[in-house]
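Shared between the two complexes below is chain A, which pairs with chain B and chain C, respectively.
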Partner chain A sequence: MNALARIFATPQGIVFFVAVLFALVLGLINPAFFTPATLIDLARNGLVTGIFALGVMMVLASGGIDVSHTAIGAFAMYATMKIVLGIDLDLPIIAYFVIAAIIGAGLGLINGVLIGGLGLNTLIVTLGTLSFFRGALLTFLGTTYITSVPREVINFSRTILIRIENAVGQMVSLPASFLVLVAVTIVLAIIMNFTVFGRKVYAIGGSEEAAQRIGIRIRRVKVLIYVIAGAIAGLAGMTHVTLSRMANPFDLVGMELNVIAAVVLGGARITGGHGTVLGTLLGVFVITMINTTLLMAGVPSYWQKFVIGCLIIVGTGLPIVIDRLARHRQRMKRPLEAG
Partner chain B sequence: MNDEASGSTPILQMRNISKAYGPVRVLEDVNLELSTGEVRCLAGENGSGKSTLIKILSGVVSADAGQVSLNGRQLGDDPMGAITAGLSVIYQDFSLFPNLSVWENIGFLTSVTSGDVVHRRSVRRKLAIETLKRMQVEIDPDAPVELLPVASKQLVAIARALANKARIIVMDEPTTALTRSEVAHLLDIVGTLKKEGVSFLFVSHKIEEVFAVCDTVTVLRDGAVVVEGPIGEFDAGRLVEAMTGRSVDSQRLPREESSVQRPFLAASGLGRRGNFVDVDLELRPGEIVSVVGLLGSGRTELAQTLFGYMQPDAGRIELDGEAVTFKSQHDAIERGIAYVPEDRLTEGLFLNQPIRDNITVSSLEKSTKLGIVSATSLLQRARNAVKNLRIKTPDVTPAVATLSGGNQQRVVLARWMERDPRLLILNGPTVGVDVGSKREIHELLVSLSRSGTAVMVVTDDIPEALALSDRILVMVRGRITAGFDAATVDEDTLYNEVIREDRA
Partner chain C sequence: MALNLRKLTAGVALGAALIVGAGAVTHAQDAKHSIVTVVKLSGIAWFNRMEEGVKEYAAETGHDATQVGPASADAALQVQMIEDLIAKKVDAITVVPNSPEALEPVLGKALDAGIKVVGHEASSLQNVTYDVEAFDNAAYGRHLMEALAQAMGGEGEYAVFVGHLTAKTHNEWVDAAIEYQKEKYPNMTLVTDKLESNEQQQTAYQKTKELLRTYPNLKGIQGSAGEDVVGAALAVEEAGLDGKVKIVGTSLVSVAGPYLETGAINMISFWDPAKAGIAMNKVASMAIEGKEITDGMDLGVEGYNAIKLDGKVLYGQAWVDVTTDNMNEYDF
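Our next item is the complex of A and B:
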């Protein structure tokens, strides 16, 4: 296989190639695209998707799927605001994130018990809990926007890591919330690659029966997977508040397919056993770039769905086609001889 | 290492094990002992209780009565208990993680048993490399397991057990998927490890391997031990008799001579890049032809090409004297060719579907009038097939998964016979089938061929080819190197021909 064919032989390769192509075209149309300001803009826009995606990646690696993560995020974010406003205490910003993560972990535990404990199908369970968590949020916690968020949240959202001027003279800034993504990335990379638990996640995704036979306690591992994924979703929800400076209970739910698309484009397989932290971030980056830049270019928003849909089909289908062609060509190159 | 056990004291004792599933008694009062460095064969037909005994031993299933003790310590019904006590079971499917590397697979069991929290990459990788070296096996430790050939997967599974300091290794039909030379290598490794004091419980159908590797034998039949003792007290005949409860003669099946007829299928100069070349062969009604070759000799590809599943690059195929090209297997099926694949479980059967549906699925049109399928006709045909092929089942509605291996194989045969094929191609027709059923399947094939069907069998089982065929073709590295009349050739000649270039 030549170099170009090799790029197209993996989903990440195609995704990366499309990203580069996309950037080049945009750069030609609008030279201002190739500025650090664009990068910062993308980092900011992909922040919440990125945090969600990391949790979903772990679930996919174990051979499951989680569509309830956005509902967990929305529930955790709104509940955290309600709690903090209710007790009326001055808490440091870190406490907000801790509360949101604990609430998320609690909801994740429900997924974990249903999936790991009762052995139910992950898609069915999380489709159910997606609706259940969202319904519970709107029924019992409220449907009103919380616009007067605590001072700590406002302060945190005003904390800026980098601020630069873009081509048209506007200020673009990278908020401190970006550090949440950095922290989740580092922690998850350590869990997946340097703990036996993380390797068990991949093992279960590779073969559940084999895992059971060598004495891995599958139920326990699964429960923990969904608890961690829930905690990550809770952090994503809280991060969303710090970006929007209000808590809207109707936010977040609806973006779950976008998140799963990013994870799959990043190389995780829906059949389990595969998926990396870096690949996932790449997938998020590409999806965010397409969404953001099409929007900036004034393309109607339904085009974004169309483009991402194409990318998923091509990204997962083309490697298979190329692999088949390469095998055929390799065989035809051989002389008419056996062995 | 805990080498304090001398050769005479048993490292493993199973005493008075009984187990019943509902009203069905699977095991009754079974005793089994294993000493340090002993290789014991657990022999028995499918359904004799071997698998249940292994499951009890490994702690996956709990016994109704009796005890299992390892090194004098009693084991509970917990898989971890058995593993930490030094017992490893190597299952037929190896139970490896296809997505992980060789070294990680080998080290995983150790990580689990030692309760590690941190993934110790370099330590585990080193352990894996050392273990492979100790077994004198060359496998790339960084390759993902899914890319390995079957024989290497088997070795990785053994390495995993050894890396965890296993003192007892239970191997469940370890040679089913291996060719003769791979089996020989495996038996060598078993011999080496035995000298290091590792004990083996070897579950096998294959009589020749039992004699090649085992010190002692325990024969199970209908859930009870019928006979046990040192291998020296047995010969092949006595062992088979103990397993089946009747004497089975391993000689050639009796048959009527058939008159030579015009070939149904004739191939000339058939070749496919990388697989086989210059193949000439004729398949006639009323005749069984075996193509015998090692794994990778091109035998499977040849069979699949004749069935239209692969396309040849050179040569021609004639049916009834008329040249044909098969674009796909549908064309071949249309012309009356049937193919029973090598791996009936993954390629042939719908395991969770009823026996009836499995038998009739590829011949629905026979029961169809005006586009509507008649359920009564399907049921009738399925019942007839079950009767004709002596499939052991109370009815045609249970799922195929509930049948034993030999009976599953018969369901596949039944399906193709419902299409009244003119040529039946079988790839490894009795892989994983016990001795008694094997004989019955062979008898079925002979009577099928005598009723006018052309039969081609692809196999690496030489006794099978001898028992079954009229003519035997030997395939070595993609070429047909020799042809024999099965009635006159002897096993040694055939064996030497098959492995001729394998030695180079």
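Our next item is the complex of A and C:
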């Protein structure tokens, strides 16, 4: 196999290839696509999905799945706003994120105890807690929109990292909330690649049995995984407030499949053991591009969902097909070489 | 201003309480109807506002009109409440169902027991005496388009949002609006299909960003879900296009307030739940007294002065338009 073929054989390589191909087609249809402004728009639109996706990637790498992350995010975001408005104190914006992360971690702990402690199935547990957290939010915290968010949040929303004018004279800006994604990316990359804990996550995802035999305390690691994923979801929720400048308790829930699709597109496998930070970000980039540029390409509204579905199936299915083919070819080769 | 308003409401509430109290003393009077309004959910701003209307009606007429609602928007809880009301033998039930289909059996039971039933936001209900709708969806859609056309000066490119492509009412509004535009404002052009916001502000925001990039000459946006206009306004504001893109749609002051204030949203419309509450109770009373409701009738409630009767369903023209000038009058 030559070098190029080897790159295409990796999941990230495929995703990257799909992304480039898609961008080329879009560029042909609408030349306005190839501008720095588009890139900034994509970065901004993929922000919340990206933060959520990083947490979900870690869960997937450990062989689990988490569909409750959006409910955790919504709960953390709304609870944080309620708390801050309730105590009526001038807190720096960083405190908002800390509170949201703590609330998220607390909810993640519930997932962790049920999954790690009691050893229940991750999909069943998180499907349950998705409904549980959301129900608790709407029942006990409220159903009204908070449109008068504190001044610190508005100021942070208005803080802009990059601001440029696009081809048609409109302003395009990257908000400071982008730094949250950067921070989560760096921290998670370190955890997954340079700590013993990160190795344990992959080990459990690869084979729980083997991981246990080499002395990994699986339960403890699992609890911690869901606590960290919860904290990340909390940060995503708070980031969502700074982007929308209001706290709507009905927001976020409903995008979990989109997030999981992004993570899987990025090379993580539902069966566990695989998943990288870089791949996940690539997956998010592709999903966001698909979701927010079909209009530009002139795809009618009714067709957009269909196209998104097709791209997800192709994007996630292709790496597996290629993988199978490669193995098949190897198997076919073996007897010949032996002979 | 806010303080005055609060005093005023307190005064009205006190007055209402006194009159209701006085009414209770003369409970034995024959002409007094007991009418209970069952809402989707109690405690939220929308239905608190409806309760003000119900109380106002009770105070004005001396009838025993009250409002109840479950703590969560659950059809099963509404069914239980209506069962209780049937057992109590009230004269009439007015209801804003969470799920019209789920209530059909219990409402049928109420009708069998001789109780008058008046629905709201449920024109598909079969087991009702009457159903009161704030407006005919097509007429409302045309009304929104007229406002958008006025703001745009009758020309230019525009786009429309619906919450979901499957949402029946939103599509009825928007389809009528587009038809009206084609007839009356030929210089306006719809740039693309109906856009779907999923009733999420951020989705409306992202789609608006994309719209602006793809159609730089866009001059107007009409929203359907309450979040549509807010997401669109945020995108327009961030793009530095305030005032160049006119935004009109259905929303509430509690949702769209900040953008109405800055003028990023030109106008929002909705219907006043207090008025709907009064209209429902009036219709219920008339049904109890055996009076017939006829097409073109005046219910004596603002917005319901010339109702359109279609089978059991009556339509008003009860939309309320809110701009930056009168937004302080509405607290929901």
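Assume the second predicted complex is superposed on the first by the 295 of 339 C-alpha atoms of A that agree within 3 Å, B and C clash if a C-alpha of one lies under 4 Å from a C-alpha of the other, contacts with A are read in each partner's own complex, and residues count from 1 in each chain.
We take it that a residue touches a chain if its C-beta (ideal position, glycine included) is under 8 Å from a C-beta of that chain, and two chains touch if they have at least 3 such contacts.
This structure is a prediction, so every number in the text was calculated from the model and none was measured.
In the overlay built on the shared chain, the residue A:Ala211 is in contact with chain B alone; chain C does not reach it.
Of the two partner chains, neither chain B nor chain C is touched by A:Tyr78. Greater residue coverage of chain A by touch, when chain B is weighed against chain C, goes to C.
In the superposition on chain A, contact of A:Gly273 is made with chain B only, not with chain C. Of the two partner chains, chain B is the only one that A:Ala203 touches; chain C does not reach it. When the two complexes are overlaid on their common chain A, residue A:Phe52 makes contact with neither chain B nor chain C. Note: no residue of chain A belongs to the chain B contact set and to the chain C contact set alike, using the contact criterion stated above. On the side of chain A, the complex with chain C involves touching residues 30, 32, 37-38, 41, 45, 48, 138-139, 143-145, 147-148, 166, 168-173, 240, 243-246, 248, 250-251, 254, 291-293, 295-296, 298, 300-302, 304. Chain C contributes residues 41, 44-45, 71-72, 165, 192-196, 198-202, 205-207, 209-214, 216, 227, 230-231, 234, 238-241, 254-255, 257-258 to its touches with chain A in the complex. Contact residues of chain B toward chain A in the complex are 58, 60, 79-80, 83, 89, 91, 94-100, 104, 108-109, 111-113, 116-119, 121, 160, 271, 273-277, 296, 298, 313-314, 477-479. The residues of chain A lying in touch with chain B in their complex are 193-200, 202-203, 205-207, 209-216, 272-274, 331-332, 334-339.
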